Amino acid sequence: MKKIECIIRPEKFSELRQKLGDFGIYGLTVTEAAGCGLQEGKTGVYRGNEYEINLFPKIKIEMVLTEDMTGEVITLIKEICGEGNVGDGKIFVMPVEDVIRIRTGENGVGAISS
Amino acid sequence: MKKIECIIRPEKFSELRQKLGDFGIYGLTVTEAAGCGLQEGKTGVYRGNEYEINLFPKIKIEMVLTEDMTGEVITLIKEICGEGNVGDGKIFVMPVEDVIRIRTGENGVGAISS
Amino acid sequence: MKKIECIIRPEKFSELRQKLGDFGIYGLTVTEAAGCGLQEGKTGVYRGNEYEINLFPKIKIEMVLTEDMTGEVITLIKEICGEGNVGDGKIFVMPVEDVIRIRTGENGVGAISS
Amino acid sequence: MESVDMSWVMLGTILVFFMHAGFSMVETGFTRSKNSLNILMKNFLTISIGAVLYFIVGYGFMFGTDAFGFIGTDGFVLNGVEDIGFFIFQSMFAATCATIISGAVAERIKLNSYILLTIVMTAFIYPVVGHWVWGGGWLSELGFVDFAGSTVVHFTGAAGAIAAVMLLGARIGKYSKDGKSNVIPASNVPLGALGVFLLWFGWFGFNGGSALAADVTVVPHVISTTMLSASAAVIASAYYSSLRYKKIDASLTLNGALGGLVGITAGTAAVSLTGSIIIGLISGIVLVEGVAFVDRNLKLDDPVGAIAVHGACGIWGTIAVGFFATDGGLFYGGGATLLGIQALGVVATFAWTFIMTFIVFGVIKAVAGIRVSEEEEISGLDFAEHGSQAYELKDIMVTTPPARQSNTGPTGATLVERLDQLHGKSIKMD
Amino acid sequence: MESVDMSWVMLGTILVFFMHAGFSMVETGFTRSKNSLNILMKNFLTISIGAVLYFIVGYGFMFGTDAFGFIGTDGFVLNGVEDIGFFIFQSMFAATCATIISGAVAERIKLNSYILLTIVMTAFIYPVVGHWVWGGGWLSELGFVDFAGSTVVHFTGAAGAIAAVMLLGARIGKYSKDGKSNVIPASNVPLGALGVFLLWFGWFGFNGGSALAADVTVVPHVISTTMLSASAAVIASAYYSSLRYKKIDASLTLNGALGGLVGITAGTAAVSLTGSIIIGLISGIVLVEGVAFVDRNLKLDDPVGAIAVHGACGIWGTIAVGFFATDGGLFYGGGATLLGIQALGVVATFAWTFIMTFIVFGVIKAVAGIRVSEEEEISGLDFAEHGSQAYELKDIMVTTPPARQSNTGPTGATLVERLDQLHGKSIKMD
Amino acid sequence: MESVDMSWVMLGTILVFFMHAGFSMVETGFTRSKNSLNILMKNFLTISIGAVLYFIVGYGFMFGTDAFGFIGTDGFVLNGVEDIGFFIFQSMFAATCATIISGAVAERIKLNSYILLTIVMTAFIYPVVGHWVWGGGWLSELGFVDFAGSTVVHFTGAAGAIAAVMLLGARIGKYSKDGKSNVIPASNVPLGALGVFLLWFGWFGFNGGSALAADVTVVPHVISTTMLSASAAVIASAYYSSLRYKKIDASLTLNGALGGLVGITAGTAAVSLTGSIIIGLISGIVLVEGVAFVDRNLKLDDPVGAIAVHGACGIWGTIAVGFFATDGGLFYGGGATLLGIQALGVVATFAWTFIMTFIVFGVIKAVAGIRVSEEEEISGLDFAEHGSQAYELKDIMVTTPPARQSNTGPTGATLVERLDQLHGKSIKMD
């Protein structure tokens, strides 16, 4: 099994989530994150003083998948979240040794199959 | 060393944390997350329009442990957080190559032993 | 490639981020977390009843780096975030199998080089 | 009636109305955000139902022709009532009394059961007490002094709150199995502080308007004693709480201001300015001790401190008149008679209100139930009873749910296109 | 003029001013936090520009010497105007009418285009309607009854809002491609609820002050009908919404209070107390249905429900006078004449205001554009138009950006020192 | 005294009291949430201590029998004072002057040191200035005009604030080592905006009430000039800030409203309506420039802009009378005499207040210290000084701590059971 972590633009989440569902993937965990990289910061002004915001709100999605699905899921993410603008985000693929479904105690693939 | 990531119901956190302490585990990192999977969404209504909430608030706990403890910790999580209702959550076991305690610079097991 | 996860004190983030930049590392993802370990809790009082706060706000930084950089980055984190007080935080080094830059689709090292 | 007197009473009316904004903000600020909508609805419905019912029956029971010194018997729907201004001024008081309960029972009471109680409170329980003291009933005959309602309005509300909380029980998690009182922190103290200011502001109308005329000999005195008592109470509760708990407790200091206002309400026109400061100082201490006593000894879970504010300080304020009244007070050589009458009034009011509320709410409990389910309480009353939440819901939480189905081989250039073919153009929601 | 009458009208003036605080809080609370600054600025500028312009031209058009029953022709800059108190009281009404629009167009309108519309509204469109009814114009000649402005102020504002929203379009994501009306939840309902209380409070000055004197025969009656109608409306919208949608909808109940206030504004002095309760009950239902109709049938995206509150209930309130006026109302044997005149007034006001607003705002749209860019709308108007945000920005979000450059071999004990040498002492910001 | 005049002054009193709600909300909204409780406590204690002390000594120093045109000498504890209404009205002003300082020193001052300063301010420093101008002192003899207190109340407060901030220093992170002024964003602008509305609302009582009678020739004029000046200032600061900084700065526009109110306070009864608009427009610009000057030139860290609002605009407002007074103003052919007297008054007031405050606060600094520890400042004053926080604390943050001990072999079915045996039934907290 693999864990896919992707960092995307918040406004893309809703569509990605739906498409993942269409694709048969319902299980995922989301956290609000902030990130930086090549994306240029934006300048604000408050009471006449300027300040720079150079961390951007991002959504971090974690999905644990079976090996065979990762490829297509990555393609899906790229297609939906890739605007072609700096800041679209990243996908990280990481190894997972085991998964347990707390409710049933079953582990391995059975723990994530719906 | 292993990293255990578990996604649980927020209301279970307090008890789990205490039991882990009783068990000798004090070190952990928590983040607020939201998740979905098999759990059914709930419907709200605002000004007469219905909407569906199908991401549920979850607590994500990360613990880096020595190999030998993972087994019992997993059992503990299952016992405390397993209500038997859909949405109880998951446990992911992942490899960790090294841990450093920033304060002392010590690494490996020494970095997480209290 | 490696993923470095570090848990630090929020007030250290600004300087660490800047130094990482000076060092040539701009890409990172941040999440607000809370943690506990050896750090002693603090006691508050509300309407005459005491309560204990024993989770402390922390900042979690995730950076995916090429193998060769991890060493220096860890040193940097230790130097900047190490106050020598309990609660300074931890660094976890974890394996990453692949990285994809959503915008371009390129993967591997190319996906994180700026 | 003189224009100037009418204007003054109408100003008072408007200000007392505004106190309901204060109650709402205090109660919303001192409780958890998952129950805010519910608390707001309770407050809006209380003032609304209170006003309408007081028009229909309450005013009659309170100011109608006296029967046995116990209750009024006519003037329902203002039949034959001349002074509409007096009615509307009084109607605001009725709702005030009822709304005091809403804070004490917050975060776990069933909305509809609460509404039933409010109906009985504003239509009957309160008007009867009101009749005794202000409607020519037996207490007024005895010479009981309660200028603006330390007892009639505030203590009556608190007595009802005690009965209600006893029947309702504490919020989940408030008391540990070993009886320890736990902390359930406030969600928005600044809003609560604003509420206290709104109440303080409105109180000038509550006390000042009770002169029922723009009387130059009474009104400035009333405004001054009201101001000084509240101020003294703030100082007292701030420093007494820091003495007792090492820190100046913000929420207790805010309660303290209200305690000082409740404390001066009975004697506002009868005591001297210096007297009002002393009454206020003591109110501030009574409040801090009152909260501790209710919370840790009586183990009555009162999220906003209503019982201490309106109950403890209400009693103190009523009794204080017996000591500080420049005319008839013990400290002014007036002997103990007045003191005795004041005490009697407090006891009688408690007996009537507590028993009546206990019976009424007990019946509601038996018949319809008064408490939300444990699950609803944990997830919050807002979503359960109102299908929504008080503060911003993150965009990502609201999405169109993915349709569940198996993949039947699609065709098309990109994965997305293929998926779209499967499902028809996907509806994207913001 | 009598001191007492002057005082009463000045009190009314101050209270009507305060309604703008209410509008601001309602609009801020019912919309998303990323647009809060923008909404607040709109409200502050509306009242400010409204007051100044009404002084310069508005008052003259409204109360100057009549020309053809259509418009006033002198008294600009208060030239030759005696009663300054009357002017300042009226100026608050002008701004009120304009600010009604700001809620309906919130979260997507360009600030400057909105300001232009506000200018025309307060300087010309509203004063003309005002002249017709209160300035001796043709409608007043016919005997049209609108005591405090259900039509003149509220419905005029709503008619303008309809035109503006039609030209502006809905917020992104409000309607799905298939026309489904989506939910865009409020960001701060407690603040919105406070706003409703502020408006209700101010409304006593709005209706009461419109007596233009501390008249003992009128004022207490007006205060009472205002209170009872609003109360009845709260009850009606709470229970009607729970009937229709299974839950007591908080934001609809809050709107309901305002609906009941708008509904009684025209007839506040003309109907009986009982009449006011009935008018209020119906207002509450009209409000709930009105919101549904505007949102799901007309598909006009009105984030705060301004069109339903001020439009639907404004019409109802004006017509209701024809039924409930104790003198001349249909239900009191007065026949249908008054009813007809009231209806005519509504139609005429709508025609004039809708058409004028449509033309003016249409021109602005063609010339300058009226809507912010899609990108600005998504990221929020606050940062785009004001460079800042309404609520706390996390410390970590604001940092001094790292200078970008390549590493040229540094020397020094620690990495940090070496880096510092490279860049000179680094500036650390909180 | 006439009932109607008394009523008007009492209304003014109540409204001025309400301004403290405004100050509290502005200061809470414009600062960081980790210091909100502390700011609220400062405000509640200021008004409370101010009222009590003004009763005990302040009123005597201000309005007692004059000595050398410098100070009053009797009437302490209102001894021999007839007009209680005048006292209570004045006492609200005293607290207002003191509370102005609290905003400027927010987020780093020690609560108790602040309280000490407030005591001296309300008991002595302010009453002396008040005596000079309103108590028959030397400035009033000269014919200095300050109708409601641009100088007496507002500028006095600002002068004290300057001294206090100089001694206190800036918040950590406000200024970079290189002297750059950094941004420390507000935590709740909507609350701050509400505060501005509350202040504006209360200001009608501040200026209107200062007529000390329901004088038909004065009051409507005062209400109108107050309204128009504030409105003009909002417009000016909004557009001037957008000119200077490319964006309509929300918090500067909010400050602008206050600047316009401070600016008209001295001349509200003396200038024409048109004059008031000009005064307001200039106030709006003075405010924006004033904030920039204080923040970036003087490098005085004033989180809420109190020094610019009450200081810069206070001076401008006082001087403006010399130009715009229809009777005696330079622009009305009155020559420069009045102008000179006004200027003299400003200088004298500054000298007295600044020096006194500097000495008093300097002594406190030397003796007790005036600033919280760096650690407390970083983690926030709320937890450090009040043991709690202003907004909701996440449930997960509050837990019963796990007891630390080593595992001694337990027995039992499940791990949990075994652990429980070890520790006795675990107490679970919500």
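Which chain is which? They are A, B, C, D, E and F, in the order written, and residues in each are numbered from 1.
Heads up, the rule we're going with is that a residue touches a chain if its C-beta (ideal position, glycine included) is under 8 Å from a C-beta of that chain, and two chains touch if they have at least 3 such contacts.
From a predicted model like this one, the values you see are computed outputs, not experimental measurements.
Considering every other chain in turn, the ones in contact with both chain E and chain F prove to be A, B, C, D.
Ranking C-E and A-F by contacting C-beta pairs places C-E first.
One inter-chain figure worth recording: chain A and chain D are separated by 48 Å, centre to centre, where each centre is the mean of the chain's CA atoms.
If each chain is reduced to the centroid of its CA atoms, chain D and chain F end up 30 Å from each other.
With centres set at the average Cα position, the gap from chain A to chain E is 42 Å.
The distance from the centre of chain A to the centre of chain B, each centre being the mean of the chain's C-alpha atoms, comes to 18 Å.
Multi-chain contact residues of chain B (touching two or more other chains) are listed as 17, 26, 30-32, 34, 44-46, 51, 55, 94-95. Within chain D, residues 2, 4, 7, 11, 182-183, 185-186, 188, 194, 245-247, 249, 251, 387-388, 393, 396, 398-401, 428-430 each touch two or more of the remaining chains. Chain contacts in this assembly form a complete graph, since each chain touches every other chain. Only residues 10, 13-15, 17-24, 26, 30, 32, 59, 72, 75-76, 79-80 of chain B touch chain F when the two sit together in their complex.
Contact residues on chain F toward chain E in their complex (touch as defined above): 2, 4-5, 7-8, 11, 15, 32-33, 171-174, 176-178, 180, 182-190, 193-194, 196-198, 200-201, 204-205, 208, 213-216, 219-221, 223-224, 227-228, 230-232, 234-235, 238, 245-251, 253-254, 257, 273-274, 277.
Chain A makes touch with chain F in their complex at residues 44-51.
Those residues of chain C lying in contact with chain A across their complex are 3, 17, 26-31, 64, 94-103, 105, 111-112, 114. Those residues of chain B lying in contact with chain A across their complex are 2, 6-8, 31-38, 55, 58, 60, 74, 77-78, 81-95.
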